[in-house]
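Handing you this structure, nothing more for now.
By letter and in written order, the chains are A, B and C; residue numbering begins at 1 in each of them.
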Amino acid sequence: MNVFFDAISLLISADNDLLMIVGLSLWVSLVAVLVATLIGMPLGAATALYKFPGRKILVVILNALMGLPPVVVGLLVYMLLSRSGPFGVLGLLFSPTAMIIAQTILVIPIIAALSRQIIDDLWVEYAEQLISLGASPTRRMMTLLWDGRFSLLTAVLAGFGRATAEVGAVMIVGGNIDHATRVMTTSITLEVSRGNLALALGLGIVLITLSLSINAAAFLVKEAAENRQV
Amino acid sequence: MIAQPILLLSLNSICFKASGKQLIKELSYQFKVGPRSIIIGPNGAGKSLLLKLCHRLLEPSQGHIQWHVEAENKSNTAFHQAMVFQRPVMLRRTVSANVEYALSLRGINKAQRRARTEEVLGLTGLSHLARFSARVLSFGEQQKLALARAWALRPRVLFLDEPTASLDPTATYEIEKVINAIHDSGTQIIMTTHDLPQAQRLADEVLFIHRGRLLESGPATTFFAGPTNQFAQAFLKGDLLMWDRPETKMLGD
Amino acid sequence: MTQSLKFIVFFLTPLIATLTTPSQATSAEYITLASTTSTRDTGLLSSILPIFTKGSGIRVRVVAVGTGQAIKIAKNGDADVLLVHDKKSEHSFVADGYGVKRYDVMHNDFVVVGPVKDPAAIAGMKDVVKAFGKIAHNKSIFLSRGDDSGTNKKEYSLWHAGGIDTTKASGDWYRETGSGMGATLNMASAMNGYSLADRGTWLAFKNRKKLKILLEGDTRLLNPYGVILVNPKRHPHVKAAAGKKLIDWLISKEGQSAISAFKISGEQLFKGSLKQKLTLTR
């Protein structure tokens, strides 16, 4: 019960540090999901709709990459962005940008693989009618993406969930630097290592509440859109 | 009424093979401009396949399909056809948006799209549903919408694949009314059905398909009075023609 | 019109949301300090670094990881200054050309913590090597960090000094967590086991349950810290001037008194090395 009081007092005090940590967590994950959607959704849709050599292998790879361990992604991105690495000159390591890059890589396969399946299923239903009406391949993709928007939104939310929940990638490429790259998950890890279990759990509850709010908002938007015309 | 019949579509010895089976065998026919053609036959005869071949949704494995109509854009004969399927495919948007979508694919500008949509929804009795999500319509209404959508394109030919197979008699009547109206407005109807009374009501000419072959064709009146082909006779009598029953096997299968 | 509006709402909602998050102002000059989790967990850095920043205007971003990782980060040139407590590695770091010069900064000491019940009966002993011998003989649960950190290497040296080979007992009474000090202490408190911890982390640790300090004061338990500037000849982008300012401040009178003034629960944690003689904090 102690835990819940800690969490509530955290929320009420809403001290600057906490606000900064929450804000950074949202910023990093939302931008990562946005970029991952812009890349992953067309990728998944194209894989569903176009035939090309190696297509089946790509499907298997995308599905498998959904299980990419965040810490491995963090390690790989660290090696790329390190001053001793190929992109060191950009000086991106231990910054929010590095964290966004790592999370984007993590989330793209999720959105791509789920989009592919959704568009694939829709295509089975719509193929004959769309071809009959004379839709070009590009137009077909846009039509299916729009028609599947509710399912695709769920795919995006899945990606968002993955991003906000992971700690391995942001810890390595961000460095958990106080007032710079500390996010909710790395804070929780820090408090656990300090033995502040109650505080850690309180932060965890804040994180879950945040996730719940965002999903609730998405749900309400969806409900409003669906009920518009009846 | 036409002194010299004008050719619309020629099918020359087309064959279609899938999963190792010959589903359409050496089928030849000349569709003329004008008459409403109805393709009948037992389930699995290949009626839908034939329609899709004509509409170029499928390519024949052998043989040749030739359109004889002039289109504004000769390179794309698809643009003067439309097709309505047994189960209507509605996009997740409003009734009028569904119609406007089809028109937008043809590059028609916004004002014209709106005008044509209103016109066609009025003609099919769907105007009061224009703002509704297409998905909440009843099955019969959705099928009417599919017809309206196809009609808005003002196609030269409209293919219909068993359009009333899943509908009750009232809805069927409504759909047939719309089909007649479409025909009267200048779009030629080529349709399949397994509903014999419907074929009798709507057809000008009949094609009887069985096991992938065209066994008989001709004016509706003569066909329904008494077909010459034995299988056609059996079909009209109401005998179920099963695919693998020995007595339904023909020479050369 | 409504269609494109819906498109925007659905797919660009994240963008709209991010406009309302606080921005990170990083306009001031900053340097990156690679240090260890034990150093961070004491709270020393968050206490003394703001004093430095106020005086110099240079912000210090601390990346606190395991000793091995901190040194690797410094070798890669991803940090400007290195602050760890592993003399041997620090000297190699400079000798191999990765660092400019090693300076003594401060020291604290290690303590042996264990269950109040003390099954190996080491409480109050003065000889840590003998105490470890008793733990091994008794096969009492011992939690090792097992991560090649400064603390870990000190621990190995103590087993080694007593001629005890712990590799055979790994997984049995000798448990290697491969984690930081905090995580290891969490496990020690959960398993009621012994462990070697730096006093700083211990004092700041909040999940003690039935653990307490059982042995301290042995000279072999001294824990000296060194600070090194990453060599700009090796990594030209290193902020050498600003980094040098931090090092100079740490070994200056002001820095040293800030270090000595740092207390947890009224106890002084670190002794500044400026006092030349290395002595124990108790």
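By definition in this document, contacts are C-beta pairs under 8 Å (C-beta built on N, C-alpha and C of every residue); 3 or more make two chains touch, one makes a residue touch a chain.
As the structure is a computational prediction, the values presented were derived from the model and not from experiment.
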Maximum centroid distance from subunit B, chain identifier (CA atoms): C
Centre-most chain [mean C-alpha coordinates]: A
Subunit A and subunit B: spacing of chain centres that average the CA atoms, whole Å: 47
Distance between chain centroids, defined by C-alpha means - subunit A, subunit C (Å): 32
Whole-Å gap separating subunit B and subunit C, where each centre is the average of the chain's CA atoms: 78
Shared-contact residues (touching 2 or more other chains) in subunit B: 93
Subunit A, residues touching no fewer than two other chains: 146, 149
Touching two or more other chains - residues of subunit C: 3
Footprint of subunit C on subunit A - complex, ascending: 19-20, 23-24, 26-27, 30-31, 33-34, 37, 82-85, 88, 91, 93-94, 96, 146, 149, 153, 175-178, 180, 192-197, 218, 221, 225
Subunit C to subunit A touching residues, read off their complex: 3, 6-7, 9-15, 17-18, 21-22, 24, 26, 32, 37, 41, 46, 61-65, 75-78, 180-183, 185-186, 189, 204-208, 235, 237
Residues of subunit A defined as touching subunit B within the complex: 125-126, 128-129, 131-135, 139, 143, 146-147, 149, 226, 228-230
Interfacial residue positions of subunit B with respect to subunit A in the complex: 52, 55, 57, 76, 78-79, 81-83, 85, 89, 91-94, 101-102, 105-106, 131-133, 136
